[in-house]
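Structures incoming, each one as structure tokens.
Each of the next two complexes has chain A plus one more chain, namely chain B in the first and chain C in the second.
Right, the complex of A and B next:
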């Protein structure tokens, strides 16, 4: 699961420093500018092709005929794809909530408890971020089958939550580290019980981080293939797994339409994670938390 | 503003004592951070806990606030034992070093937070928050968010947020440490004025001796978890009782030697007369401390203690000049001279000059 992390990071840096980047282009050697353009071309061209051909009126994947909604209609009339889409949305939503609750609890606990055991737990909690996802997938599969658990949407959700907790914990801990521990004490000093301090001060203070990590987890889980592939049941399958099975049989331009839709969801989520924290009046955006801001 | 002073202490059994610490001890692992502290702080006093970092002053404050449990001993506030009372039920409020403002609330929301927890009526809260903001001269920032405020303004919000609850005791944990020098001096004056106005007991933790001397009615000098000396600023400055107290507040010339025939022998052949200290035992090792500004270099008066020395360094400070004078191979004395008529260069002594130092006997303080 290393690839999506890198993508998210790159996006954050891109968005966070457009002015600085543009300014630094001036006076730079032309070769550097050309190289950068080539890089972005290679990075985004395949995606542009997918979007373009999702609007093709012909079945061809090499010659664009004319604009049409044909493949989108086919996608939305395909019951199997739609039920997979619904399954993916459901998995993402539940996994987001589950990972948010557990990840936030983990982050708060790690902030409170000091010493060697806490540091050990903190390190272990980060392991899923660096474990190759295929290892996580195989391990989850062995775990479920070993316990005789029938593979279904539930197993996918459990696996995705386990995997996503680290992301929430890392982002929320980043925010907590920036907030003085005295803030919670101030709440208790001003008449809050420990629980009220959490509800009235700590949670509102880390809300931008909760929103950012929630949206990130949703996006990650929504287009996750590897983990879902290992632990999913037969019907309904998560959308990425469904797409994979489809293109093994035939390559239909309808898949381009599905891909474009999925990308739209991701772009909207990333956009939200940038915009929503601003509504709370924070100048920095939620994803800055990922790039260390 | 006077009604901010109307704290609920009238029914307290001990009228004069706001805080009593009895045998207060805090042990972290194998380290004793606060060691059997006994201290009474009077009602309406501006009291400072002064000491270097790690001396236990902040831990003491946190135990009074309730954020840290006492290992041993007890804490009485207004005559009531609060040792095991949770922080939200103690009649104290804290101004934190980091200000600890609530970022999701505006200034009004921050200041009114404690009052809302108490469940006061809305109109009452609005009135009290308004008064508190007026007290700290921040009325025009009522709707600002904490991040839009400067350091000094955040400081005032933190102060108003604590004071508005009319605590019996206000605890301040190095509240001015993060401000720049000029603003810090300005806030010191304001803090003192506000304290006079509201009449609430202030317990102020600082490592800045100037700040402690300027602001406090009384100062406790802490070191290694124990109080070295408690007294008025003048007391602790003029009559330090321990070597640490003498060295921590201001600079002090500490001279250690053997007491013989009314004089302290610092080194073979170099004796400093110590008149008026008959209590010292003959042959005992003793130390005296003399403040640099109380040592004269010319125009000596009768009855002054006088010893010869050699100037080894001269440092010009603008208003004053600092001389380092060796009176014995291992005894270097710092002397601070006002630059009055001697402001011109040629009037000052230069390195290597043989001179004489003198001080009034009462300015030499015998250190335990």
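Right, the complex of A and C next:
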């Protein structure tokens, strides 16, 4: 939670004890370094394999024949998969906007309002972060069917917003905690209305956090399987749900092509969310924001 | 407006902050209402429905019987509960065993590559969990890359990975190890490295220094990691579905079956409540442990 302070600590240590640091490197870590390398190797192995075999000209998943776009052609000619892809992009966009609006409201309000009700809301808003997705999924499914709401992309969007508000709130609150409210107070003393102070001071200060959390929510919702699986209707289904039913039937290399595209989307988004806060000239990057959550 | 208020400079701040707070209070309302309607009340529905039953035409009906919980008290379900607990604990142990050395190496020996390494660590975890599990299932299958490799190395029959508990636990570990690494990394970063130096002078030998200095200093991080791994691992069903089989099903698979195959929503709700109860018990122990850790440091 206190991750934003981490960067400051590191630089302090770097400056103060370069010599000691080097000595500890010589100490014992050869085996630890080897272990870490092995870990990274295993971490990337399945991803590399999916990408590699998405370009395989044969159907095999164990022998690479030669390069081909065959599975990508199959993916882009599959109407069902394409409509699922569009559905997923739509869900993620709408859920991102919804979660950003509600999450930012929550973060701003919790920063200003004291007292028990506000604290209770703050605590409840953290619960989805530690609730296994299957519980959230079951709850959302029963909620919608109980009210007689037909399951569709709309129900997926509603459930995804609920699940994403907490991420936005945590990240934005982290940013708000890092800047003091005094600048805003000063703006008010200089004659700004509450709305002007918000527009001219508060929103620009939290903008990096808004961008980072928006990208994060988009990626999380785009990839989310469990929640979508529980509350989606029949047609069109979000891409991960569609993939799941395909995997259960057969193993087809076309799935590798879909998977590669999906991973590309999330990697680009997460990469951006790491880089964008830096463009605002802040020393700590989006990583601290993310690992803080 | 500011001019008119000039005469009462002393009351001005309080008056402004009062309207201020009311304004912010209104801002709190929409998200609070949203969370209440879509999250809190839907969890309440799960609990209520767990006392219900399946009525005429297969529709779930609310009720007040313990029938569903009684139905869960048999060896089939109990086996799955115990298995889920064992898998989740094993996952936590594996994540600690794998995650601690990695966090330690990056934090203390990462040097100027530290941030790049953490980014390289975080990025794969945002590739879809489903796709990563699918990737392991193709890699470990009988005709997969790993077994093909083993066969060319001379192991004639290869090794059966899929449908074993090991594969499910490995999948869970792979899926959630990041939640162990990041908190441990953060607590190692916060730690004063001169403590290790002092420890070396005091205790001699890196092992004793590690046990009596580094390990206690990172206790909060480890506890956080244990929580963040245990919670999703206990509720997971994707790993057991793709890397395991009916013999390795966890409580999540049972829940999923009740809602999609069995069509017994009340029984599925009761299973979900059991899962939530297990997690709540774990949370209580966790909060006690963190409080104790805080008191001691």
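Rule of thumb we're sticking to: the second predicted complex is superposed on the first by the 263 of 293 C-alpha atoms of A that agree within 3 Å, B and C clash if a C-alpha of one lies under 4 Å from a C-alpha of the other, contacts with A are read in each partner's own complex, and residues count from 1 in each chain.
Convention: a contact is a pair of C-beta atoms (placed from the backbone, for glycine too) under 8 Å apart; a residue touches a chain by one contact, two chains touch by 3 or more.
Worth saying up front: this structure is predicted, and the values here are computed from it rather than measured.
**Q** So in the superposed three-chain picture, is A:182 touching just chain B, just chain C, both, or none of them (first/second/both/neither)?
**A** first
**Q** Between chain B (first) and chain C (second), which does A:149 come into contact with in this model arrangement: first, second, both, or neither?
**A** Neither: A:149 stays clear of chain B and chain C.
**Q** Between chain B (first) and chain C (second), which does A:134 come into contact with in this model arrangement: first, second, both, or neither?
**A** second
**Q** After the superposition on A, what does A:207 contact: first (chain B), second (chain C), both or neither?
**A** A:207: touches chain B, not chain C.
**Q** What's your read, chain B or chain C touching more residues of chain A?
**A** Counted on chain A, the partner with more touching residues turns out to be C.
**Q** Answer with first, second, both or neither: which of chain B and chain C does A:35 touch in the superposed model?
**A** second
**Q** Just checking: does A:126 make contact with chain B only, chain C only, both, or neither of them? Give me first, second, both or neither.
**A** In the superposed model, A:126 contacts neither chain B nor chain C.
**Q** Quick check for you: in the superposed arrangement, does A:191 touch first (chain B), second (chain C), both or neither?
**A** A:191 sits against chain B and chain C alike.
**Q** Determine where on chain A the residues touched by chain B overlap those touched by chain C, and list them.
**A** Dual-contact residues (chain A): 188, 191.
**Q** Could you please specify the touching residues of chain C with respect to chain A in the complex?
**A** 2, 16, 20-21, 23-25, 27-28, 30-32, 34-36, 38-43, 45-46, 49, 60, 98, 101-102, 104-106, 108-109, 111, 114-115, 118-124, 126-132, 134-139, 141, 143-145, 147-148, 174, 182, 185-186, 189-190, 193-194, 196-197, 206, 227-228, 231-232, 234-238, 242, 252, 255-256, 259, 265, 268-269, 272, 275-276, 279, 283
**Q** Which positions of chain B touch chain A when the two form their complex?
**A** 65-67, 86-88, 92-94, 96-98, 100-104, 113-114, 117-118, 145, 147, 161-162, 165
**Q** Note which residues of chain A are touching chain B in the complex, please.
**A** Of all residues in chain A, those touching chain B are 179-180, 182-183, 185-193, 196, 201, 204-205, 207, 280-281, 283.
**Q** Which residues, counting only chain A, touch chain C once they are in their complex?
**A** 2-3, 5-6, 9-10, 13, 17, 20-21, 24-25, 27-29, 32-33, 35-36, 39-40, 42-47, 49-50, 53, 61-63, 102-103, 105-106, 108-110, 112-113, 118, 121, 124-125, 127-128, 130-136, 138-143, 145-146, 158-159, 161-162, 165, 169, 188, 191, 194, 219-220, 223, 225-226, 230, 240, 243-244, 247, 251, 255, 259, 262-263, 266-267, 269-271, 274, 285, 287, 290-291
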